[in-house]
Amino acid sequence: MATTHTQRTAKLMVSPSIILLLAWMIIPLGMTIYFSLLRYNLLSPGTESFTGLDNYKYFLTDPAFFAALSNTLVLVLGVLLITVIGGILLALLLDQPMFGQGIVRILVIAPFFVMPTVSALVWKNMFMNPVNGLFAWLAKLFGAQPFDFLAHAPLFSIILIVAWSWLPFATLILLTSLQSLDKDQMEAADMDGAGMLAKFFYITLPHMSRAITVVILIQTIFLLSIFAEILVTTNGGPGTESTNIAFLVYSLSLLQFDVGGGSAGGIVAVILANIVAIFLVRMVGKNLEA
Amino acid sequence: MQQATLNQRKILTSVLAWLIGLMIFFPIFWTILTSFKTEADAIASPPMLFNFSWTTENYTEVLSRSNYFLHFMNSVIISVGSTILALIIAIPAAWSMAFSPTKRTKDVLLWMLSTKMLPPVGVLIPIYLLFREWGLLDTRTGLVIVLTLMNLPIVIWMLYTYFKEIPVDILEAARMDGASLKNEIIYVLTPMAVPGIASTMLLNVILAWNEAFWTLNLTAAKAAPLTAFIASYSSPEGLFYAKLSAASTMAIGPILIMGWFSQKQLVRGLTFGAVK
Amino acid sequence: MKFISRVFVSAITLSFLSLSVAAETITIATVNNGDMIRMQKLSSEFTVANPDIELEWVTLEENILRQRVTTDIATKGGQYDVMTIGTYEVPIWANQGWLYELDNLGEDYDIDDILPAIRDGLSVDGKLFAAPFYGESSMVMYRTDLIEKAGLEMPDAPTWEFIAEAARAMTDKDNEVYGICLRGKAGWGENMAFLTATANSFGARWFDENWTPQFDQPAWKETLDFYVDLLNDAGPPGASSNGFNENLALFQTGKCGMWIDATVAGSFVTNETDSTVADKVGFALAPDTGLGKRGNWLWAWSLAVPAGSAKAVAAQKFVGWATSKEYLDLVADQEGWKNVPPGTRLSLYENETYLAEASFAKMTLESIQSADPTNPTVDPVPYVGVQFVAIPEFQGIATTVGQQFSAALAGTTSVDDALANAQSTVTREMTRAGYIK
């Protein structure tokens, strides 16, 4: 019998957050929707005029749009794949007894603290640069031609950089989950003579599934709007090979100063993000309810 | 005999784990190392590991060109300020959602998370115009507000999942004993919630420290944090690896050290309810 | 009531008083180029002479800077009092009424000393809206030792044919020597500045007199084929992500035989502390194909005062100082004549000490004087600008086209596809902007 009194306090306590987030959503979003219906170039003020859905038509028929859409998906999925699988393996390894576990953990966690612009600058210049980078030097050491990562595998390179930043996050969550695994269950499985793989697939993995879901959810939220890494390394190129939706919207609104088109793109991005969110929410809902 | 194989195994895992750990850490190590080289040594081929002439000239140069301490203080104020503000708003919300859930609680939570999926560039111009109207451009207050709102959903969710783990029985026992709502929060809930709050706070400080879109676009000189400081070293004329490395080290150093010292607290709450 | 009004009045007087007593702080937005960083270092001279003015610096990488100042000026954000902008922005912004006219630069500023080509580019209706900090054209910088080794001799005014031959002859990939370094990084101020200027010398143009895009014409195909083939044969790896700064680093470390880029680089490549090849650099005019136009552009990084600034007087005082003759003397005095910001004042090129110390000076002046923004192409065009088209839409469309050309250089699209994509994008955007009816 939760009293109406506590119910009311509860509402009172939630409402500031809801009101703030609603305002945060509605005011800029409302303005964005309004701008998206205008022909509005920042460089030609005073020429704004209502154009209906013209901006949307231009954005959706832009050949770059489909490239950006698929790049966004590849980027998100690629990073998720690397961080989840790498995270599981690393968590399994770090869960074993070893010398200097604390220090190893410090080493592994470090990339998470590095700001995206810095990590992109460092990878681009000091590692992937085909003349002065360390990778080029390694290639030459083995007698191979240096590979020009950012020109010939731009999306892959960005996935690599982003995955490096997020691997620690995945590893930590998965490791915590692993450490809460019931040791008795493992010993019982040992008694039954279960093999390593069997134990992993029947006991460990199901136990970690919640943690994996959480990793996927949180990372997707951040990965959908990856921007700094692209801006610093490839500027979306060559061509549109590494342009994702966020970067396309950026190039419309801040390189071409086409506020109308950029706003339309922003709205499209919001809709797409919400579609992804619905999928995610279904998945999480199932997994987190238990 | 068994002891011996166990030891062997431990040595093997240790070697493997150390190798991987060092590999993951290597880019940071290399950046720090490069920051002590001269520009010419920084691009020498074959690369120089320790056999170069160590110098601190890059740091002197960076310090003389930029007002590092201003940017540093801005970063601290903005990230800590936005975190505290977010916690003040989020704790009551998460508390009530965790302990007096309604049918819609879950939907509300997920809706909050979905607001985080708005691509910031899409709303930059509106926010810029509003900030100009309200005189918030290039102010720390403005950035604190934006970053609070940016991270609020994550904060609420993280706290919610943490609060939910707190056994309700204890609360009920406290209520039976006639504890008021205030006392309930102060004496029962808070001690149990502190690890979760601490970890949320740490994560949020890290996210706010590293946020590079709003901090760069809404500031000029007075409120510019370290992300803007880095942008002035990103690709200048001529050789720049060593200076860039020094600037990078100075930008990530504080948060790296803080992260390392507090990693136990960070990890404890970084489960998002994933651990049962 | 009386009391309130008295308080009010005294508050106003007080604020006026404090305005006149307390130092005024002006915010300067600038690029992180070497000459600007030097200006920041030397600016203490200005504040010593003007104790009532304090300076705050926002130094950013070129692209970020451009985006920040454009957003600010177009929304009247008022965050900056002095902005560093180029010859592309000045006429467009001045026409929008976004800039203050610079009519109070100091008594001995000697405005007639500014190079006419540069001054024209920064003026609208004879009024100066930005003061040039340094000016540049483009030219060939080459390694005298390598060209000798290849058994060739660089003429003062080479043709593209000769450049291509020399580049291939100088290339020695095993020793990491690449015959030619050119811009490949996408961006209207990066690869498109170079390619647009080069295309002029091949007889190509962006638009015909009716604003119809010309990327489907043979001259553009010839330009792009030539460029892609040349860089594939004789360019460094990763050319498609090299901009001015990347190529400068390559040239300074001895990895390029030739480099065609901004004349301002002359002092960087001959600077002993940064360049390993300082004593082996020669200069020549940008190449041509015999059609009457050379591929050299015209640009000036300039200081302007946005109309939204509340501190325009102090701002203009600073602009006057940083672009004055005295500033040139100050740099010469502290850092040597070679490091003086080039390409703005006639008197600099009449200075015998400068001409003797700066081996690039003669070629710089000739290049700047031979660029003709009002008549940039072989065939007539409706626009002004050598390496750009002075319309607001240009930076957007040229960035997209730059992406295509960068992809063609990286080999991820063919030259033909890149040109076809460029043609369709530009047609689309120009139709949208109302140029094509």
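Chains here go by letter, A, B and C, matching the order in which they are written, and residues are numbered from 1 within each.
Note that contacts are C-beta pairs under 8 Å (C-beta built on N, C-alpha and C of every residue); 3 or more make two chains touch, one makes a residue touch a chain.
Not measured: the values here are computed from a predicted model.
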Q.
Here's a test of the contact network: exclude chain A and give the groups of chains still joined by touching.
A. one piece
Q: Decide which interface, B-C or A-B, involves more C-beta pairs in contact, and give its chain pair.
A: A-B
Q. Roughly how many whole angstrom separate the Cα centroids of chain A and chain C?
A. 37
**Q.** Whole-Å separation of chain centres (CA-atom averages), chain A against chain B
**A.** 15
(Q) What's the distance between the Cα centroids of chain B and chain C, rounded to whole Å? (A) 38
Q: Would you give the residues of chain A that are in contact with at least 2 other chains, written as numbers and ranges?
A: 42, 132, 254
Q: Check each residue of chain C and list the ones that touch at least two other chains.
A: 71, 75, 249, 253
(Q) I need the residues of chain B touching at least two other chains; which ones are they? (A) 43, 125, 129, 231, 234
Q. In their complex, what parts of chain A are in touch with chain C?
A. 41-45, 58, 63-64, 129-132, 136, 145-146, 148, 150-152, 234-241, 251, 254-258
Q: Spell out the residues on chain B that touch chain C in their complex, using ranges where they run on.
A: 39-40, 43, 64-66, 125, 128-129, 132, 137-138, 216-217, 220-222, 224, 228, 231-240
Q) In their complex, what parts of chain A are in touch with chain B? A) 2, 6-7, 9-11, 13-14, 16-18, 20-21, 24-25, 27-29, 31-32, 35, 42, 90, 93-94, 96-101, 103-119, 121-123, 125-127, 132, 134, 137, 141, 164, 167-168, 172-173, 175-177, 180, 210-211, 213-214, 217-218, 221, 224-225, 227-228, 232, 245-246, 249-250, 253-254, 259, 262-263, 265-267, 269-270, 273-274, 276-277, 281, 284-285, 288
Q: Enumerate the contact residues on chain C facing chain B in the complex.
A: 27, 29, 32-34, 37, 40-41, 56-61, 64, 68, 71-72, 75-80, 243-246, 248-249, 252-253, 268, 274, 276
(Q) Can you tell me which positions in chain C touch chain A when the two form their complex? (A) 67, 70-71, 74-75, 92, 96, 176, 185-187, 236-238, 240-241, 249-250, 253, 255, 392-393, 395-397, 399-400, 403-404, 406-407, 409-413, 418, 421, 428, 432-433
